[in-house]
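Some structures to go through are shown next.
One chain, chain A, links the two complexes that follow: it is found with chain B in the first and with chain C in the second.
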Partner chain A sequence: MAYSKRISGRKFDELREIKAEVGVIPRADGSARFQIGKTIALAAVYGPKALFPKFLQKSDTGTLRCYYNMMSFSGSGERVRPGPSRRSKEISYITQNALLPVLDLKEYPSAVVEIYVELLQTDAGTRCAGITAAAMALADAGFPMRDLVSAISVGFVEGKLLVDIDNEEEHYEKGNTDIPIAMMPRTGEITLLQMDGFASKEELKEALKAAKAACMQINKAQIEALKARYKK
Partner chain B sequence: MGKINVQDKDIVVPGEALAEGMDYLPSGGAFRDKENIYASRVGIVSINGRVIKLVPLNLRYMPRRGDRVIGQVSDVGPNAWYVEIGFYKEAAITLAEGSSEYIPKGADLTQYYAPGDYIIASVSSVSKNNSINLSLKGPGLRKLSEGRILTVNPAKVPRIIGKEASMISLIKNMTDCRVMVGQNGLIWVSGMDPEKERIAVEAIEIIDKRAHISGLTDEIKNFLEKGLGGKSGVLKKD
Partner chain C sequence: MKDIVGTHVVSLLDKDIRLDGRKLDEFRKITVEYGVSSKSAEGSARVKIGDTEVVAGIKFSLGTPYPDEPAKGTIVVNVELLPLSSPDFETGPPNIQSIEYARAIVDRGLRESDALDMKKLCIKKGEKMWMIMIDVYSVNDAGNLADAIGLAALAALKDAKYPKYDEKKGLVLYDERTKKGLELKQIPIPITIVKIKDKFLVDPASDEEKAMEARLTVTTVEDGRICAIQKGGELPLSTEDVEKMVQLSIEKGKELRKLLK
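Entry: the complex of A and B
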C-alpha cells in the first residue's frame, strides 16, 4: 500500500502549526522561542564576551559557539540522558555552521558569542527548530546580519515527498529519508543540508524546492515575531 | 528611478529589502547587495534624502573615542585601574589619566578608586584589537560616590537624552535630581529627595521600555507631573 495519507492528517506540503516569539528570556542579550507542532525550541544569545581559554581566541574576528541540548523530560515518555552526547555535539556544530554565514563578528576580535538552544519538547525537526530560534535570537540581540536563517526538514516515506516530518513519520516502519535543510530566505543560499536515508538526484531536487517554499513560510513567522516585540 | 519599499519609521528585520535600484544609498544598519538595499538589523527606518539608515532597537555597546561612559572598577594593577564598561574587554585607566591631581610614585591606587567603585570617564582611545583606554581628566569626570546606577540598552541612550537634551533636562528639572547618562547604557541618578529620585528612575525605565514610540516626551511629562503631584521643582516655581 502506498503512503497516500499522512498519519497526522496534514497535506503533504503542509507545515505543522508555528508559534514564534522573541525576548522571552529577560536576562539574555537576545532570545527566542520557536514552536512547530509539538517541537519547542528556546534560544538565548549571550555576548560578545571574552573567550577563554585564551588559545581559542582569534585575533582578527569573533567566534560563534552554539550549544544544543534536549531537556531530560523533552522526549515522548523516555527520559533523555542529560549532558553532551555524540548527537548533541554534532548538532551544536552544524547549528554553528548554519548561522555563521549570516553573521559578521569582525567587530569583536578575540570575543565569543554564545547561543544556547534548549529543546523543551521534541517531536522531530529539533535541529531545524533550534536553528530557526537561534537566528531570531541573534537578530533580537541586535547583531548585524546579512539575512535570517530558516530551517525545515523534508523527506520521503514510501517515495512520497513530505514537508515538515514529525516523529511518527521519521520512525515509519518501512523506512524513511529525512533531509534537514537551513537556508537564507533572501538569497536562497543553503547553510545546512544533511540526509539520513536514500534519495535520487531528481528526488533531492524536488525536496529542495519544497524546502525552499516551506522556509519562506517559516521566515514569515520569524519576521512577524521580531516585529511584534515592538508593536505597542 | 529606484523604488523604495519602506516608509520612514517602519520597523524592519535583517534581510528585508528596503529599496531597489542605485538611486538610494545605504547607511548604518543597511547594506547593498547588487542592485538592492537590505536591512542588516532590527531597527527603525530613517530616510534622509537619498540615504537610508536604520536606528537600531537593540545594540551591543561599541566604544568610540570621546564617548562618556559609566563603569565599575573591577581590578587595580600596579600602574592602572581596570574598569567594566559593559564591553567584552575591560577598559584600562593608566596612572597618568587617572586624576587631574598629582599621584605620587608608589601611592596606594585603591585610595583613589577601589574595586567596586563606579566612575564616569571618557574613552580616550580604542585600539584595533578593541583595547580600551579611559581618562578621568576632564570636566565632570570623577568617581560616583553617591546616587544609584541604572542599566539600559545602549540603543536607548539617544532617546533618554532626547533632542538637544530635552528629555534628560525635563527629568532633571522636574525631579531635582542629578542625572548622568553614559553612552554604554549605564545611568547615574542622584537626588536629595528619595521619593523624587524614585520617580526619576521610573521615568527612565519607561523610556527604556517604550523608546520606539513617538510622542514620548509628552508621555514622560505627564507621568512626572502625576507622580510628583505638584511637588515638582522648576515647573512650580515658574
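Entry: the complex of A and C
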C-alpha cells in the first residue's frame, strides 16, 4: 500500500501553520520567534562585540557564533538533559554555516556576533525553524545582509515527497528520508543541505525544487514579520 | 554609564520616585499564560513581569526513591539564565545566580511549604517514584527574574498533568496524558524586596537591581506564614529593615497569589 495520505491530513506540499514575529526579546540587539506547526524557535542576536579570549580574534574579519539549544522540557518523551550535547553542537555548527553566506563579517574585524537559538516546543524541523528565526533576528538587529535565509525540511515516505515533515512522519515505521535545506530565497542558493535516508538523484532534484517553493513561503512570512515591527 | 543611571535611581528615590514612574510598592504588569509548550511538556507556563519574561516546563521522570525516604517521590528544580535573555549572561554550566534561584527560591519554597505531597509521588515503595522535573528559563531579563521564576514554576506545576504510566513494562507513555493533575496544597509565592538607601522597593527593574544594596526574597503561603527567606546583596540589613521587608512581601504575596487562581 502506498503512502497516499499524510497523517496530519495536510497536502503533500502543504506547510504547517506559520507564525513569525521579531523584536520579542527587548534585551537583545535583535530577536525573533518562529513557529511552524508545534515547533517553536526563539532567536536572539548580540553584537558585534569584543571577542574574548583575545587570541580568538581575527584582525581582518569578525566571527559568528551560533548556539542551538532545546529547553529540557521541549522534547517528545523523556526530559532532555540541560547543557550542550553532540547533537546540539552539530546543529549549532550547521546553523552558523547556513547564515555565514549572507553576512559581511569583514565589517566587524576582531569582533564577534552571537546568535542564541532556543526551542520552546518541538515537533521536528527544529534546525530549520532555528535558522529561519536566527535570520530574522539578524535582520531585526539591523545587520546588512545579502539576503534572508529560509529553511525547511522535506523528505520521502514510501517514495512520496513530503514538505515540512513533522515528528510523526519523521518516525514513520517504514522509514523515511529527511532533507533539511536552507536557502537564500532571492538567488535560490543553498546554505544548508543534509540528508538521512535513501533517495535517487531524480528524487533529490524533485526535493530541492519543492524545498525552494516552500522556502519562498517561509521567506514571505519572515518579511511580513519584519515589516510589521515598523508599522506600529 | 552604569554609575550615572545608578546615581539617578538613588536621587529620584529621595523623592519616592522610580525611574519608570511606579510607586515603591508597585509591580509592573504581570501576565501568566499556561500550556506554552503543551505538546512537549506535561506542564508549562510563561510569566511576564513588564518586559521580564520567563518560561517554565514540567517533565515527569521515573526514579528510584532515596534510601532515607523510600515512600516518597521528589522534585528537581533547575533554572537556566539564558544568554539569549541578557548580554550579561554567558553560556556554560549554571552560575551561582541561577543556582540561587533554583535552590534558594523555587526548591525551598515548594519543599518547606509542603506544596506537593511527596508521598503521592511514590509509585512503589523503595522501588519507583515520580521525579517532578521543573525547568525554568529566562527569555528576557528586565529585572526581578527571581519573582518571575518563582511564579512561572508554580504556574507550570498548576498546569501539569500526569503522563500515562505502563506499570507492567515500567515505562512512561509520554504521548498519552491523563487528566490527573498535581495537587498543590500551598501556593508559596516568593516576593523580592530591594533596599536602596533607606527605601524598600518591590519588583526591581534592571537599573534598580544595579543600584541595590541588599535584597530579601520572602516566600509566603496563603495564611501569611513565611516558608522561606533568602537574603542577597552585599550590604547588611537591620532587624527593622527585615521586619518592614517581610511585611511588604506578605502583602504583595497576597496580590500575586490571586493571579494563579
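As a working rule, the second predicted complex is superposed on the first by the 231 of 232 C-alpha atoms of A that agree within 3 Å, B and C clash if a C-alpha of one lies under 4 Å from a C-alpha of the other, contacts with A are read in each partner's own complex, and residues count from 1 in each chain.
FYI, a residue touches a chain if its C-beta (ideal position, glycine included) is under 8 Å from a C-beta of that chain, and two chains touch if they have at least 3 such contacts.
As the structure is a prediction and not an experimental result, all values here were calculated from the model.
> Would you check which partner chain A:25 touches, where first means chain B only, second means chain C only, and both and neither mean what they say?
Only chain C is touched by A:25; chain B is not.
> With the two complexes superposed on chain A, say which partner A:157 touches: chain B (first), chain C (second), both, or neither.
neither
> Have a look at where A:91 lands relative to chain B and chain C in the superposition and call it first, second, both or neither.
neither
> Please work out whether A:185 is in contact with chain B alone, chain C alone, both, or neither, and reply first, second, both or neither.
Touch status of A:185: first partner only.
> With the two structures laid over each other on chain A, which partner does A:66 touch: chain B (first), chain C (second), both, or neither?
A:66: touches no partner chain.
> Looking at A:227, would you say it contacts chain B, chain C, both, or neither? Reply first, second, both or neither.
A:227 sits against chain B, while chain C stays out of touch.
> A:146 in the overlay: touching chain B, chain C, both, or neither? Say first, second, both or neither.
first
> When the two structures are overlaid on chain A, which partner does A:110 contact: first (chain B), second (chain C), both, or neither?
first
> State which residues of chain A lie in both footprints, the one left by chain B and the one left by chain C.
49
> For the complex, which residues does chain C have touching chain A?
Interface residues on chain C, with respect to chain A: 36-42, 44, 51, 53, 55, 57-59, 61, 78, 80, 82-87, 91, 93, 133, 135, 137, 139-142, 172, 174-175.
> Provide the residue numbers of chain A that touch chain C in the complex, in ascending order.
Residue list for chain A touching chain C: 24-28, 38, 40, 42-44, 46, 49, 67, 69, 71-79, 82-83, 114, 116-118, 120-123.
> Which residues of chain A touch chain B once you look at their complex with the stated criterion?
29-30, 47-50, 59, 102, 107-111, 139-148, 184-187, 222-223, 226-227, 230
> Taking the complex as given, what residues does chain B use to touch chain A?
Touching chain A: residues 11, 13-17, 29, 31, 33, 38, 40-42, 56-60, 62, 88-89, 129-130, 155, 212 of chain B.
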